[in-house]
Amino acid sequence: MTAPAVARAAGRDVRRPAARRRIDRWGALVEVYFRAHAALTYAFLFLPILVVVVLAFNATTRATTNWEGFSLRWFGIALGDEVVQSALSNSFWIAVPNAFLATAFGTMAALGLQRVGKRIRLGFDVLTYMSIIVPEIVIALATLILFATTFDAIESWTGIKLKFGRETIIAAHVLFNTSLVLLLVRARLSGMDRTLVDASADLFATPWRTFRQITFPQLLPAIVAGFLLSFTFSFDDFVITTFVSGPGSSTLPLFIFGQVKRGVTPETNAVATMMLAFTLAMLLVGQLVLAWQARRSGRRSAASMAQIVTEG
Amino acid sequence: MADDIETTLRRMAETKVNRRGFLAAAGLTGAAAALAACSPGSSASPAVSAAAPTTAGSAAATPEASAAASASAAAAGPIESELFMYNWSEYISLDNIEAFKAKYGVTTFKYDIYDSNDVLLAKLQAGATGYDIAAPTAEYVPGMVEQGFLQKLDKSRLPNLVNIDPKFKGLWWDPNDEYQIPKDFGTTGVLYRETMIPTVPKTWKDFYDLIKGPASGKTVFVDSMGDVFVFPLKMLGFSANSVVKEELDQARTILLDVAPHLLALDSNKYGEKMAKGEASLALGWTGVLTQDMADTPDKGYVVPTEGSIFWLDTWVLLAEAPHPNAAYAFLDFIQDPAIQAEETNYNNYGTPNDKAKPLVDPKVLADPAVFPPDAVFALLEGSQDTSASTQRTDIWEEFKQHRGG
Amino acid sequence: MATPTVPAPPRAGTRFRNGLLTTALLLPAGLWYLVLLVAPLVIIVVFSFGTRAKNGGYAPDFVLDNYIRAFQRADPFVTSLQMAVFGTIGCLLVGLPLAYFLATRAGRHKGVLILLLVIPFWTSFLIRTYAWLLILGPDSGVAGVLQSLTGAEKIQILGTPVAVMIGLIYGYLPLMVFPLYVTLERMDRSLLEASKDLGAGRWGTFRQVTLPIALPGLVTGSILVFIPMMGEYVIPQILGYGRTYLMGNALMTDFLEARNWPSGSARAVFLIVIMVVTIAGYVWFLNRGRRTREVSVL
C-alpha cells in the first residue's frame, strides 16, 4: 500500500517516505495486481459493448450477426425510425425523473431512519429488502392489477379517467430504485464520523447548514452512485415496464425484446452505438470544460469530473 | 363483387406501388377517395361512406348480424384523429402506417409492442389497455370473447373482408368470423441442414431417431410449450392439442427421452444456431428460413406426415377501443390487396388474403414454407389454448430441467 | 439561527420539530412502500390461495393446492440458490479489488472511471447478452484460446451453467462494486498507516482494518446481487440455451405460459419468505457482536 495516501478528512497530502517503500517488497506487486485487475474488469465490461458497436456497422440487410461487410445503413434506418425514436425518448423521460425521485426518497429515508427507534427501523428494513426480493414478474403483475383497480374506482367516484403511461411506469420503477439508493446511502452512513457534525453544531451552524456543508458532501458519493444505478435500472427495465405501460409509452427495451420474435436487427446496435458515442462525448466535453475552467481560474491542479462526481 | 369507381381508382393507384414509392402514391389514393366522397350523401368519413353500399347485401347474411351491423353503423361517426395499436414488434409495415395516416387524416398513430400473447391477455384481465386494435394468436380469441374483451365486428364496415381465403373462415376459434380478421399464418415443423444429417426426415418418427442418433447434441427446440408438445403427440398419433392424461403420459416419456440430446431450447436464436452449423436439426417455425438462414443453401423445412399445427395471428377490435371509427378504417384498409401484399413482402409470413397474393413478391409466394401447398395444409390442426392443463405445465418443467442421467 | 449558545436538553418544541422532520424524511419512501409494495404483496398473497380461472388468471377461492405444488416443484429453487451463491461469490471476487482500486488508487480519474462502470449498462441488456453469444461461441476467440490451452478438441461454454454464471456476474457486477466503493472510499488512509506502524502485515491490515470498514458495503452489495440472481430468467434462456432452469424462469412459466396466477403467486410467496428469512439471518450473523455503528448525522 504505497500509493500516495490522501487523508482527505484532514485536508492535506500525506506522502509516504521513499525509504519505507523500498522495504515493502510486495508493495509493487500489489500495485500491479490492482491495476491489472481493474483493467481486466473494464475489458470484461466493455468487451460485449465492443461487439455491439462493431455489429452496428454490419452491411447485412437482416437480423443476423454474421459479418457481411461495412456499412452505415443501420444508422440511417435508426435515425429515420419513428418507433425507435419514440421508444428512446420514452426511456429517457422515464429514467431521469425516476432517478431524481428515487435518489431523493432513498436519501431522505436513509437519514430519517437514523432518527428513529430500532423497531421502526426493522420494519422499514424488511420492506426495503422485500421490495428487492419480490421477483419482477410478480410485482409487475400485481402493480398492474393494483393500478387498474384503483383507476376504475377513481373513475366511478370522480369521473376522472386515469391512464397508463410514463407516469405509471415511473411510479413502479421508483419503488425498487428507492430501496437501492436507501441501501447505498445507509452503507455509507454506517460508521460515519460524527465529529464534524458535532463540531459544526458547536460552531452555531443551523441543522440545515450542517447538512448542506458537512453531511451532504460526505454522502455525495453514495447519492451519485444511487442516482446512476437508478437511471441505469430504469432505462433498461423490461418486465415491469411491459406490464404498466400504456399507449405510446413503449420504451427501448420493449422495442428490443419485441424484435426477438423476428430477430434483433443491427438497428438496435446502431441505436446503442449512437447513445454510447453521445455519452462518451458528453463525458469528454465535461472533462474539457472543467479543465478549461480550472486553468482560467488559475488553480494549479485541474479540477476534474472526478471531484465533481465524488466530492461535489 | 362489383367494384365501384372509388375502389377501381384505388386499385389502379395502389397495384403499381412498391414499398419505397409508397408515400407519393398514398397521396394519390387519398385524392381518389376524396373524389369519390364528392358524391351526394357522403359524410365526413369518405372511405366508410363510399365503401358501405358495396357490401350492404352480403353482410346481412343473418338477422342477428344485420341487427348488429345497423346498431354499430348508427354509432359510426367521423374518423378520429388517433389510433392506438398493440401488436407484435415489426409486425406492421411502417410505410403502410404512413399511408393510412395520410389517407384518413389520422395524425397520431401509436404502435406499442408486446412480446407474448400472455402479456396482452394479462393486461386485458387486469382491466386495462387503452388500445383500439391488437393482434392475438387465434387460439386466444375464444377466451378473450368469453371474457368480453373484444367487440363483435360490423362486417358492413369491412368490405375488404371478401379478400380473405375461405379456408381461414369459420374455424373453431371463431365459427362465425365475428371477432377476428385473419392476419398472418405459419406452421410448426422440422428445420434441418441437409448436409449435416444422413437422411432427410419425413415423419416425426424420423425426427425422433435423428435426435437420438446423428443429431444428438445438435438439435434445438423452440422454447414454446404448445409447439414442443406437437412432436410427441403427433408422433403417437394423438391430437396436438390433447389434454388427455394417458396421452400426455406417453408424450412425457418421449420428451424426457430426447431431452438429454438437445443443444438448446431457444425461440430466438435457433435460426442462427442452424446457420452457423452449431445445430443441424430444429423443431420450429418458418420465419428464420428467410432471416438467419437466408444464405444457408442446404436448409430444409418439412411438415411431418403425421401432421402438425398451424398458427394464425388475427386482428381484433378491443371492447373499450377509444377510437372505434379509426380502428374500422384501419382494419379494412389493411386488407386491401395492395396494402396487404406490402405487409407480406415486409414480414415474410403467409397472408390469408387471397387477392393480395398476386401482388406479393413471386419469390415469397413460391416458397412452400411460407405458403404451404393444399396437400400439406390438410395435415395441419389449428393450435388450441391448452394452458389450463397443469399436467402439461408439470411435464414441460420436468422436460426443461432434464439433462439426462 | 435559533440554535442556543449552550447545547441544552431538547425542549418540547424542539422534540416536536424533530419528530416532524423525521416523519417528513420517511414519508415519501414509506408511502411508496405502502402503496406500491404492501398492496401488491397483499394481492399476491390473496392470489396464492385462489384457483386458475377458466381462461387463465385468477379466480377467487381458498385452497392450499398452490402451496403444495410449490413445495413439490422446488427444483428450480435449489438450482437458483446454487447459481446465486456462486454468482455472488464471483461478483465479490471481481468487484472487491475493483472497488478498492477505485476508492484508493483511481486518483483524479475516479469520477470518469465510475461513470465508465455504468455506461455499458445503458446499452440494452438483451443485446449485451447476445454479444456474449459471439464472445463465448464455438468459433470465438475465448473457446479457441481455451482449446489450445487444454488441448481439448471442442469446448462448449454456451448452454452450460458456466455461461450462465459469466452472464450473471457480468450483469450484476455494478450492484456489488458501488456499495463496496462508497464504503471503502470513506476509509481513512491514516488507519492503514497506523495499522502498518503497529506491525500488522498486509493480510492483518486487510482483515482488521479494511474488511470491517467495507463490511456494510459488502453486506449491501451481496444482497443486491444475490436477490436478482435468484429471479433472473433472461440470462439462463440466452446463454444457458434454456437448459438451466431458474426460479425466474419457473415464475415466467407459471404466470405467462400456463397463465396460472395462483400457482405462480404461491411460488413467489414461498420464494419471498425464504429469502427474507435468509437475508435477516445473514445480516444478523454479520453484525453479531458488533455495536451498531449508525449514528445520526442530522
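Just so it is clear, A, B and C label the chains in written order, and each chain counts residues from 1 on its own.
The definition used in the following text is that a residue touches a chain if its C-beta (ideal position, glycine included) is under 8 Å from a C-beta of that chain, and two chains touch if they have at least 3 such contacts.
All of these numbers come straight from a predicted model, not from anything done at the bench.
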| item | value |
| --- | --- |
| Overall pattern in which the protein chains touch one another (line/ring/star/complete/other) | complete |
| Highest-count interface - the chain pair sharing the most C-beta contacts | A-C |
| Longest centre-to-centre distance from subunit C, chain (CA-based) | B |
| Whole-Å gap separating subunit B and subunit C, where each centre is the average of the chain's CA atoms | 40 |
| Chain centre separation (subunit A, subunit C; CA means) in Å | 15 |
| Interface hub residues of subunit A, defined as touching at least two other chains | 65, 141, 145, 257, 260, 264 |
| Contacts with two or more other chains, residues of subunit C listed in rising order | 130, 133, 255-256 |
| Touching two or more other chains - residues of subunit B | 119, 122, 268, 276 |
| Residue numbers on subunit C that touch subunit B, as the complex places them | 52, 54-57, 69, 73, 75-76, 79, 130, 133, 137-139, 159, 237-238, 241-243, 245, 249-250, 253-260, 263 |
| Residues of subunit C touching subunit A in the complex | 1-3, 5, 7, 18, 21-26, 28-30, 32-33, 35-41, 43-44, 94, 97-98, 100-102, 104-135, 170, 173-175, 178-179, 181-183, 185-186, 188-190, 192-193, 196, 202, 205, 213, 216-217, 219-220, 223-224, 227-228, 230-231, 233-234, 247-248, 251-252, 255-256, 261, 264-265, 268, 271-272, 275-276, 279-280, 293-298 |
| Interface residues, subunit A side, partner subunit B - complex | 62-66, 81-83, 141, 144-145, 147-149, 151-152, 163-164, 242-243, 245-250, 254-255, 257-264 |
| Complex contact set, residues of subunit B against subunit C | 116, 118-119, 121-122, 125, 143-144, 146-147, 223, 225, 262-266, 268-269, 276, 278, 385, 387-388, 390, 392-394, 396-397, 400-401, 403 |
| Complex contact set, residues of subunit B against subunit A | 84, 86, 88-90, 94, 108, 110-115, 119, 122-123, 126-131, 267-268, 271-272, 275-276, 287-288, 291-292, 294-295, 347 |
